[in-house]
Structure formats: C-alpha cells, structure tokens
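Scroll down for the structure; my scribbles are underneath it.
Labels A, B, C, D and E are assigned to the chains in the order they are written; within every chain, residues are numbered from 1.
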Amino acid sequence: MLRFIIRRSLQMIPTLLAVVLIIFVIFSVVPGSFISSLMAEGRNVMNAEVLAHLNEQFGLDKPLPVRLWDYLWGLAHFDLGISYRTREPVWNVIEPRLWPSIKLALTAMAFAAAVGIPLGFLAALKPGSVFDTGTMMLAVSGLSVPEFWLGLLLMYVFALQLGLLPSFGYQPGSIRHIILPAIALGVSPMALLARTTRAGVLDVMNADFVRTARAKGLSEPRLVRAHVTRNVLVLVLTTLGLQIGSLMGQAIVIEKLFSWPGIGSLLVDSVATRDIPVVQGTVIVIVLWFLVINMLVDVAYAAIDPRIKVT
Amino acid sequence: QDATPKDGGKFVFVAPYGNAITSLDITATPHTQDEIVGKAINRSLYKWNPESGKPELDLAESVTVSDDGKTYTYKLKDATFHNGDKLDADDVIWSYNRLADPKKALPGAEQMLQIAGVAEYQAGKADHISGLKKIDDRTVEITVINLANPGWNLMSNYAPIYSKDYPEDQLASKPNGLGPFKLANYVPGSKVELVKFDNFFEKGKPHLDKLDIMLMGEAPARDVAFRNGEIDANVLGPVQYEAYTQDAALKDHILEVAEVYTRNIGFNPKIEAFKDKRVRQAINYAINKDLIVEKLLKNKAYPAVSWLPISSPAFDKNAKPYAYDPEKAKELLKEAGFETGLKFSVTATSNESWGLPIVEAIIPMLAKVGVTVTTDPVENSVLSDKILSDNFESFIWSNSSGPDPLKYLTCFYSKTPQNACNYVKFNNADFDKLIDQAGNETDPAKQNDILRQANNLLEEEAPVWFFNYNKAVMAYQPWVHGLKPNAMELAIQDYEDIWIDDSAPASRK
Amino acid sequence: MNGASSDPVLSVRDLTIGVGRSAELLHGVSFDILPGETYGLVGESGSGKSITGLSVMGLLKRPLGVTGGSILFQGEDVLKLGRRARRKLRGDRMAMIFQEPMTALNPLATIGRQIAEMFVVHRGMGWPEARRKAVEALESVRVPSPEERARSYPHQLSGGMRQRVMIAIALACRPDLLIADEPTTALDVTVQAGVLELIAELCKAEGTAVLLVSHDLGVIANMCRRVGVMDRGRLVEEQDTKALFENPLHPYTRGLLAARPRLGSRPVAGRGRLTELDEVVADEERGRDAPTLTTPRGSRLEATA
Amino acid sequence: MRLRFNFTLGLLLALLVIVAAISAGWLAPYDPVMDADLMNSEMPPSWEHWLGTDGQGRDVFSRVLFGARVSLTVGLVSQLINSCIGTALGVSAGYFGGWWDDLVNGLTNVMLAIPSLVFALAIMAVLGPGLPSLLIALGLTNWSWTCRIARSSTLSLKSQGFVQAAKTAGFGDTNIMRTQILPNILGPVLVIATLGIGGAVLAEAALSFLGVGIRPPQPSWGNMLTDARELIRTAPWASVFPGLAIFATVLGFNLLGDGLRDMLDPHMRTRRT
Amino acid sequence: MSRPLLEIRDLTVHFPLPRQSPLGRKRTLRAVQGVNLTLNEGECLSIVGESGCGKSTTALTVMGLQEPTSGEILFQGKPLTGAGAPSRKERARIAQMVFQDPYASLNPRQTIGRMLSAQLALHGIARGSEARDRVAAMLKRVGLMPDHADRYPHEFSGGQRQRIGIARALMLDPKILVLDEPVSALDVSIQAQIINLLMDLQETLGLSYIMISHDLSVVEHVSDRVAVMYFGRVVEEGDWHSIFSRPTHPYTRRLIGSVPDPDAILAGARGVPDAAPVPDAARFSPDISRRPNPDEEPEPSALVSIGESHSVRLAQ
C-alpha cells in the first residue's frame, strides 16, 4: 500500500511538470502583464523607474528559459516563488484559500452523493417508471443550467425571499454560509452521479451473479444489500472520484459569485492581475488535488474490490 | 446624521471592486480595494477632507512654511502605533525613505517625487533624501521642489507613516499603523475584521467597536446581501441605483457624490481620421450621451462637458456639452471627407459604466452617421497595456480628473508622454501655452481662470469623446451615520467618524 | 411414458413462453422428471432450453413470461404461488447452475460467504455456523483445502473450481430438483468430465432429480437416463437415452446424431464427409412454424450496428 | 418507452435550436445589433417585442435567435475539434501502442487533471475574447474523454477477427484505422460529442460570466445572460429567455446523447480504462 | 517428400507480464516455447490442446500478427519473419486465416461485398464489375448466394458468417489456410456443413490447412497430422492415426479420455487406446493440471520418436 502510494506519487511528477510547462508557456505569451495590471484603474500612474525595478525584482527581465528553469528549480525545493501582487511567498497566498476550497468541494460532493446516489438507485430499481423518467429528467436538467444562474437564483430565493440563509461570504465555523454555494456547485455532479448510479445499478442487476443470487432464493432487499450495492459502488466510485477531483477547478464561477475565498476565485483574480506565480501555484494545487483524489480512489477500489491489487 | 454620535457597535462595510485584498501593507499595492482597508489601519501626514475638498493636516498639529514656499516644518501629533510605539520624526523620515527607495519599487514612490533629493536618492547619487530633516523628536522638516502644496501628494493613502522599529516582513500579515482600527482577523479573499484601537490619537474616536470589511465584487450578490441585512453599506451600480431610488424603504438612505473621474473614449491620432478635429467633434455630436446616461447608467453619472469634472474649481459653469446632433455630425464628417467608410475599433473592458455596454450603445448611433465601430474587448490589465504601448485605435476608460485641475489638465500637455497620461498624444500649441501660464501662476483664482480656458479649449478640440463624470452612490442601512460624500472615492470613508444608532439589529451591537 | 414408481418431482405441462403477449418462444412443452432421475434436454442454440429451465425457477426476465401451461413442482403449481412462496422454493427445494462460471459469482464476496448465505437465508443459521457449513459444502464438492478456499474470492479460482463452488451453492440445501444449464460448456474438455461426474455423484447420493440442459449429445449420453430433444421451441422427441441413440424417431434427432463426427469412426484410409442435418431432415419436415423472435447471440459490437 | 420519449424530446429540442440558428436571419424581426433603441430599453414582452427588449433596447427575441447561431457554433464546432483530436489520438494510441500510447495517455491525464474551464480561461486570456478564440479554447480542452473512449474501444477492436483479417489481407495501418476501426467507434464518439455540445454551450456562458466570452455586440446566450443578470429584478425577460434557451439546448443535446447511447450500445459506460 | 510448404522452427513467444512491484522481477508469460512444426503441401495439420496452451499464439505468429520472440517461420524455405520477411501485402497471398468467432470476425459496418472486393482492389486483382463477379463466384463457392454481397454481417446466421469468413480467407488464393477453432462457436448441426465445406475446398483448391481445435472428434475426422500442445510446448506429434490409436503422452491420453462419446458410453466401454511403448514412462510429470513452473521443474526433453512419424516429449 505504502509502496503504491509512493509509486503513484512519483508518477505524478511528469504530469505536474507538463502542467507547469503548459501554464508557463501560455502565460508567457499572454497579453498584459502584472505591471500593466497595476495601472488598470486608470488613476495611479506609476513612474517608469519604479516599474523597471519591479520587473527586475521579479526577474521578469530575464529570458524565458531562465525564468522557467528558476521556477522549476524552486519547485524542486517546494518553493512556489513570490507572488507579484502581494509580494509574499505564493504558498502564503494559497494556503489560507485552501481550506475554504476543500470545504466547499467536499460539502458540494457530500450533497451530490447524498442526493444523487439514492436517486439513481431508486430510479434504477423501477426502470421505465414515472419516478425513473422524472428523476432522470431532473438529473439532465441539473446538468443544463449555467452555474452562476443557478447560484443567483438560489441567492434570490433562499436569502432574499425566504431570508433563510446568508447569501454570500465565508465564515470559518459556519454551516449556514456554505449551504447555498455548495448546492449551486453540487447540482451538476449530483445529476451526473444519479445517472451513473442508475446505469450502474441497471448494469449490475443484469449481471449473471445477480441471477445466481435470485436462484439462491434471496429476497430483493437482501439481494440489493448483499450483492448489488458494493458492485454499484465500484462502478460509481470512478465518477465520484473524478468529480471530487475536478470540483476545485470547477468552483471558479461559484466562488466568484458567492465571494467564497477559495482557490478558484484566487485563480481568476490572479489571472486578471497576471500574477503568474500564483496562477502557477493554484493550478498546481488544483491538479495535485485531482491526482491525489484519484490515487485515493484507487486505494478505495483496492479496499472494495478484491480483484484489484495496489502494489 | 446630526445627532450626537454613539459609541460601540459593529459596522459591516463592503469592498466592492474585484474580490481580493492584495495586501494589508498598503504601501505594497496601488489598488483602491486595498485603500478601503488601509484607510482603517493607517494614517498619513495629510488627509483628504471630503467636505472641504482639500487636503488637510492629519498626523501633524501644525505646519510652518518658509518664505520661498518650499520648506515645510511639521509639528507632529502625539500619536501611537497599534503596537504601542510612539510616532516620532524618525518614523516619518524612515517611511518616506522607504517609499522612495527604488529597490523596493513601491507604488507610493510616485508621491515622494515632490520632495527635494528624491531624484538623487533614486538615481543612487545619494544615500538618503536630502529634503527630509529631523528637527527634534516631534518636529520634521520637508523641503519640496516646487510651489505646489505637498498635501496633495502626502495625503495619499499609499504613503502612510509606518513605525521604523516594526519588522517590515510583518507588515503584510500583521499591519501596524496609526489608524483608528487594528486588525483582528483576516480571511484572505473574504473579509477583514477590525477592532477599535483604543489609543487612537483623535480623542473620543473611533465610535465603532468593530469594523468588518467584506469583499464582494458581484453587484447582484451585493444587492442581495444588502437587502438581506448582511452588509450595512453598499456601493451601488446603475441598476441598483435606479431600483433603490424608487424603493420607498431604501431611497432615504442613499449617499451620492460626484466623483472626480471623467469617462471618455480616447481617439488615437494614429488613425488618420482622428487627426481631424471635425471628425472628433462629429463623434461627439453623433452620440446621444444624455440618453445613454439616462438609460444605461440610470442617471448614475453626469454627462460630461469637457475634461474637468463639475466639482473642479476650474469648471466653467456656463459651458455647454456637445449637443446630440446627428445632422451636424454628418455635415462635419462630410467636410472632413469621411462621409462614409470611417471605421474604428474601441478597446474596452467589460465595465458596465465605461466599458463594452457603452460601446454597444454607441455602435448603432454612430452607424446612423456612417461610422462603423467594432469592439476590442480586453481585460483590465490588457487595457492599460494596450493604451500605454499605443496599441489601439480608440479606447474607453475612466480617468482621474481631479481634484487638482492643473495636474490633470497637464495630461494633455504635448510634452506629457503617452505612457504617463497623455494617452491620445494630444498636441496643441495654444493649450500648451495655457498650461505653462497656469503653472507659473501663484494666485489660485487667476490660475483657475487660465485652466478654465484650457478646459474649454479641450472641449472644442475634442481629443476624446466626453462621456460622463461619475456619480458614486452608496446605500446604507438606516442605523448608520457618519458616512461622507467623498468625491475622490466614495468607498473610502473616514471610519473613525462612523457610528450606529440604537435601531441597529442585535448582530451589530 | 414409462410407469412411474412415484410421483414426478417436476411436471411441466403445456408450457408456453412468450414475449409479452405477441410472440411465442416456447410452444406447449410437457415433460416429467421423477425423483432422483437425471433428465436431459438437448437441442440446438436458441431452441428454448434455457428459458424452460429459467421458467421452472421463476427467473424469466421481462419481457419474457410464461403465457400458458403449468409447472407442477412436487404436485404444486408453482405458477400459482405468490412471489414470496416462489422465492422460498428457490435455492431451498430447487436450485440452478448456470453455464458461465466466470461471471455467475459475485466478484466482491468471498466464496465462503456466498455459500453460507444459503444457510442463512434458508436455514436461518447465524453467520458463524453457516460459514462452517459452507466449508463442509466445499469439501463435499472436492475443493482442495476448503478452509482456505472459503476465504478466497471468485477471481482467485479456476473455471472448474468456480463451477464446483456453484455446485456447492446449488446443492447446499439439498434441493429436490437441480437445473443444470450447460454446466460445463465453458470449461476445458479435460475439466468437463470431472465436473459432470461430480454432479452425477452428488445427486445420486442425495436422490436429487436433475434437469440437465446441454447441446452436447455426448454429455447427455453420459449423464441421463431420459432425454428430451428440443427444436425451435418444441419438444420434438422424448426417449430413454439408449433408445434415442439407437433408434431416433424424430428426423431432427436423427439429423443431430448423424451430423456429429464420432471419435474412432474414421476409416484408416481416407476421410468421409459428415452427414449434414438437412440431408437427413428437410426443413419443411422439421419446422412447423419457426419461433418468431430470435436474437442472434451476438457480440457487443453487433448491438451498435 | 422512457428512452424513446426522452430521445424524441431531445431530438426535437436540438432540431428546434438548429432550425432557429439557421433561419435566424429570416425569423428575427429586428437586427440583433443595430436595431437598438435606448428609448425603448427594458420593455416587457409585447406585440412588437415578443420577448421584450434588453437594457440596450434591443429585441430579445431576435437576439436569442441570433445567439443560437453563436452558441450552437461554439457547441458544434468546438466539439467537432475535440472529437477529431480525441479520436485521432485515441485511435492511433490504441492501435500502435508503445511509446506513442504512453505519450498520448500521459497527455490525456494532464488534460484531465487541469480543469477545462481553467484551461479555457488561460487560452482565452492569450487569444482575447471572440468567437474564433472561443472555438479554439473549448476545442482544445475537452478531448480527453473522447480520446479515452476511442483508445479503449480501439484496444478491444484491435484484437477482433475483422481487424486481424484486414491485416492479413495486406491492408495498411492507416487504411485499417480508417475503414475498420473508425466506423466502429463512431457511435461512442458521437455520444460523447453530443453530450459535449451541451457542455460547450454552458462553458461559453461560464466564460462570458468571467468576462472572456464572445465579442460584443454580437449576441450569444452566454453574454446575454451575463449582461442581463443585473436586470433580473427590473427586466427578468432579458435574462430568462436566453437562460431558457441555454437550458433547452443543453437539455436537448443531453437527452439526445443519452438516447443515442442507449440505442447504440446499452453497455457503453464510462468505465475505468 | 519434397521440401515442406511451411516450417516452424524453434518458435518461442513470450509476453511481458506487468511487474508485481516497481522494483519487482521482470516477469514473462511463456506462451509458446520452442515449437517445431512442419506443414506439407495439401496437408491438414491440427493443433490440439487445452485453453491457453499457445495454439492461437502459434497461429497468429504464422499469420504475422504476432512477432515471435525467437525462432523462425519458413515458407518454401524463405523466412516469413525477421529481416528478409515479405511485406504485409505479399504475405497476404501466402496464408490466410479463418477466425474462431464468426460474430466478431466481420466488420459490422461493411457489407460483405465491399469487404471482399476491397481486398481484390488492394492487390490489384480486379476492380468494378470484374471484382463483383469474382465476389459472386466466391460466395457461391462457399455456399452462399451472390446477392448476399449487399448484406451486412448482422443479417447472417452464425454458420453463414463462418462461410463468409472462409470466403474472405480464400479471396486472395492463399496457399495456406489457418483455421482457429473454425467450428467451435457453431451449433452441431452447422458444424458438419462447415467441416464438409472446408474439406471440399481443400481438395478442389489444393490448400494446406493448419487447424486449431479442442474438439478431438472433429480433429480426428479431418486431420492428416496432429500436434498436441501443452503449456506452450508440443508434447506429442504424429499422423492422425498414430495419435488416436496410440496416444502416449499422459496429457494426450487424458484429452482423448475425456471426450464424451455417446457410443462408447452407451456401449459401457469407455477406454482409451493403449499407449505406445516409451523408453521410460515414469518420466512424465505426474501432475498435469498445473502450469509447469520453469524455475522449478526440469526442462522436458526434446521430442522423442516412438514410431513412424510419431514422437512424444518426455520429462527429463
């Protein structure tokens, strides 16, 4: 197990390198720069000398390959560089954003799983029924709404009209604040999970071993409990993992809308201000999250499915 | 707002631009968003008085000016930093040295340029700034290089006084200022919680016990939060402005101010047609800006006459803006030989008041006089990049145009480079002459007369399409008092003067 | 029909199976199986052998369903039973082994558990006791080191072993009827023989009646005393095995027997042609009306066509 | 039953949108850009303006129709690019194996790990707003699923008799990929593409929200929605209708894709590969 | 006899297995180990053996669909593998294959006619109407109707599909036909038709067959020579009569013994013929149900001749 984790972690390195390279290349040709973003408000004209010094300070005067090399060298020492904007180490900028982001992603996923999986299950147990059709329509509808639109709608209904929940913001200990953004974020994975679960259950219900179990005289509830659930879980786990893994990156719009201080809104702000080290850092974090979650999914597989060995 | 202030309670304010706070060290950032927080924590030598519209002394109790008008001697107040240090002359000298230090590349360096010796210091020819002198612990002497009032520069929120003994690397996370509030908790990307600083040098202030500044860029979300009572003040966009002024429950608690920004479309003379004054004028005639201001900006702006805003002392009350007159525009275009075929693009951000929506509105209007306009949508950082590198045909932007009229008219002085603020490379000998004249005039009234002429000349020359002067609007909850109509930037408030009354809900007490 | 010494365990009467109400796949099939007897069902692919077996178990899947006739199990018409009662029969008094040993077992549960489940469900035992019985059951189907095997998962077993496990499951509650649907077709020839012997032996010992479905005449000859021949949804012939091989009555049966090369039948010199089915039996003679619905068992890709 | 109903509904919705997009020029009563009358801004639905007017006084109905063009172009073209890239890479990787397979696999994992919205955002930042950039940004960032499916299908097809037979008949590798493998994986690829069209339409909306979408004043549903979100209280029709259009389109293509999947191959699922 | 048509010399095929751990031993699966076989003109050579013993791998190697790890394959003395190997196209005229699964061996999205005529076009044999005629003739030859050319595979029954598979294999007039379990997926009643067809074709066209099967009764019926494979090796080889009348290797004996033969059973006599005398029978490995572990078990000997064209492999 430990070996597996080490091996997988090592395998992440080329992926990460590729990601760093891609982002680096993209942002080396992007128009606009951190310097020009300083002038963006149209009022504080900074003098040329200060700007020149800034460039020098951040090594922006060096040629591209040198910058890339410096960056990779730093990365090898777990150093993500200095944020142009805040002039602090990038990690200090990212670190406080990490927990809110993870919290939002996990809550959204908990919502998605808690609603989506049972829905999919119930729909599949009566395929073709009105409930099934309705649920699946609902699921597809969930995938069809622009997130920010849904977010605004939730805000208007639950915060403004009903006054039940706060409309925005982040409170470290507060559950009430996370509900709306989590739902807005969770609806699409929820729909996806409902669909995957339904398909998985139908698949498993058609499997030969379920016929065997029927021939053994098991009652339907027992059959579902003892033979279907785990096998469905195996099928659903991949979707679950992929969703959790990509949720941090998908949260951008929702975080922006709800002023949620997560990685996604940091990324957008950093792109807007061309704070390249932070952009790099956040993308690395997002990708790492994805890779780590997927590794955990594989570990979970091994725990559930005896056919899979992680070594 | 005339009752006697009450002490205590909490005020939840909102920083409305973009989402994040860059840094709690205000000297490290040039963004308004950060000023909103910095204003609570820090103090500068001068401060802007929104009521009088002038800089006034803040950290100094008195100043004496030498006869030549270039040496200022300040007697500092008895003020204490959040960490307990006392303010002394060395702090001022250290802070200004730090700001001017080219290696640190701080935005506030701009504000130091007026001080004698800064140029040498920045060029590396001197190891300290000769224009700064400590007389005694509480007295500091500053020499400047011109006759302008140094208050304009030294009131800048980006040029605060820091304690020289405080570790610099802590400034971003644990700021230590002279301001009325000190940091209690900072949730990056979300909010800043501040608490009353008991040793604030203005006695009896601040009134509030707590000040929360929430960060929220999305106007519709802010609207919901305000109506839901989650925030106490809301900087309004045009749509909310219209809605709030029509809402009986909200309309009595709205603060409006004419800010010192001029929104405009700048014409790049790189385009042959724009070299012709008639073309520029024609565009000004062809666009019904009153309608745009009414319909798109919901009257949250004042149609612009010329460059200087209405609040400017050099504004000509009798001047008339360009009328909406498409026929005249057509005529002018015909004269200039651009009856048809004039085509240009407008580089614009997505800003609702001076961005793409405005361009979208002028497209059909200009189409009617035979001018084809296309959009070149960009992000903020790219906009300034394109403008400063002369990579545009025209742009729509919002530029500072006050409060100091001379400073902002100088932007059209032919020797001002494009990457300073003469974005349209305006070059007019008559205008230059007037600016030279005004620069040498010491009598403010006469100076204003000259500048008024210059401003009118600018209107005639129309180097830009004069669109509007911003009207900033803030709505506040009924229990809030002490907000000021700050024409510089409405969102920057003197927090020490804000107080809340008994009608505030429990969560604010 | 030979004079039965006792009442049949299973008596299928005019069984008709259809898709919904429209198409018939099985047209009035009738046969009896006596206690302890092994009854063979042969026929070519798609002739309806499996659905016959499944309908006895009550495992037909929609849209298939019994549309007529009766299935008397120990004198009781199981078609008239409620779902619960029907389920109680399954596994306890009648059991079934399927063709594909690779997929018939739950891949995520141990062998032991899957056997023990039978005792838990039908005998109301607790898990620990059931598990002990499961090991015994494994032992009885000659799985080496049963203790250890009970803890393994299906994928750790060879095909032959898995089929033995299936037998252990099927016979766990000592049913009166075992339906074995091509239990060895997926296995290697060398393994086939062993598995068949095992079924024969165990059923003999317990007096279990067996309905053996196969398309392999060799297998049938080996195992059964009586054989039914199915062709396109009909039972076309039923005889004692020996009689069938010696004197097939129905032309289809004759064709079936003739078409198969027999080991050791080739002359030392030269090689003869095999007899083809339609040389023996003309199509008109064979099929009255062909079943209306046939889905070729196809690959996955085919479904995308 | 359910299947047929949903599929038909999907087909209808998709066709409706396609027809609207194609015939926008004839159907639209107004020009979507030039017929702007600020005097008439934010008018509720009426006889002259069936779906009302937006903040600029433009006819929402006309803009929704013309927006269909843009949104659909974004959806269809970007998915076409994705499908081509994904299929080409997936088929060749699965067919040839070896280092090429490893490389493609690695690349797919990288693409999967970077959220496509983040990637698209970065590409849009480089190229600037506008339809072509959007097509490139969304076309380059979403091929990993197609690639995975194409690869795994190719792997299983590769060992099938007919591919082997084509090899022994002397056909070249490209010929085999084109005539034997490609037609057989088109089904799943089509399904993913259909589902992806909806995704691309939504992505366009999200990018518009983040300020890097289509170039105004050209209407797209995404920027209509984004522009009108401020007017939700005063002129809800300006955002509700483009919102509905997005919803209907995405729903339509999703149902269509689901139905196609069920029809083409009930066993095709996005499994672990 | 003249030079054999096809010679398989010392053929070895190994497959890499995934390592158990990153630093673990490199593991290989020895699918085929040192197989020597010859096929003479006009002969049917059968390979029998249990599942996974390497029959198909051998066949695929002959077809050039699998690279051998070592060893060579000669066609009329010229190598088919390695440096001097003919191109894929040239090779196509030498050997063709009929696959086991008639359902998977036809492209579901191509009409039969197109599939067949594409081959003709590729090899420049015929185009247009001439190709159509040839296809029609071939379909007739394998017992189908010419107008079947316009149908798609799913419109045929299993037996018909196998006929199409044969037609395809014959389209380019190959010298050798490799038949990988050509009838095991078919119903008994159809098996006979296909076997008869294959035998007829062999005689009329003078083809040589390599047939893979696990059905001994079919093998006995059609083969000239038989090779028994066991875990990657040929353990017994000889003309069909020697193999079936004197099966000697324990595995061969067991194989023959486990064929369910109704006649023998009904006659009550289920005997396996006597083995040929071998130098020392005790040297056969006793447990033949297990894959031999090459690290533990001794290398078996080479094939030892035990009669006229009959040889068997002994344990060492």
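By definition in this document, contacts are C-beta pairs under 8 Å (C-beta built on N, C-alpha and C of every residue); 3 or more make two chains touch, one makes a residue touch a chain.
Everything numeric in this text was worked out from a predicted model, so none of it was measured.
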Between subunit A and subunit C, the fewest steps along chains that touch one another: 1
Contact-richer chain pair [B-D vs C-E]: C-E
Centre-of-Cα separation between subunit E and subunit A, whole angstrom: 53
Averaged-CA centre spacing for the pair subunit B and subunit A, given as whole angstrom: 38
Centroid spacing, where centroids are CA-atom means, of subunit A and subunit D in whole angstrom: 21
Subunit D and subunit E, separation of their C-alpha mean positions in angstrom: 49
Multi-chain contact sites of subunit B, meaning residues that touch two or more partners: 220, 378-379, 382
Multi-chain contact residues (two or more partners), subunit C: 299, 301, 304
For subunit E, residues that touch 2 or more chains besides their own: 101, 104, 108-109
Complex contact set, residues of subunit B against subunit A: 18-20, 22-23, 25, 28-32, 102-107, 109-110, 113, 122, 158, 172-173, 187-191, 214-218, 220-221, 224-225, 227-228, 230, 261, 378-386, 388, 397-400, 419-421
For the subunit D and subunit B complex, residues of the former touching the latter: 33-36, 38-39, 41, 55-57, 125, 128-130, 211-212, 215-217, 227, 229-234
Contacting residues of subunit A [partner subunit D, same complex]: 14-15, 18-19, 22-23, 26-27, 29-32, 127-128, 132-133, 136-137, 140-141, 143-149, 152, 156, 195-196, 199-200, 203, 235, 238-239, 242, 245-246, 248-250, 252-253, 256, 267-268, 271, 279, 283, 286-287, 290-291
Subunit C partner contacts - residues on subunit E that touch it in the complex: 50-51, 101, 103-104, 108-109, 152-154, 157-158, 187-193, 195-196, 199, 214-218, 220-222, 240-241, 244, 254-266
Sites on subunit E touched by subunit D in the complex: 60, 63-65, 87-92, 95-97, 99-101, 104-110, 118-119, 122-123, 165, 168-169, 171-172
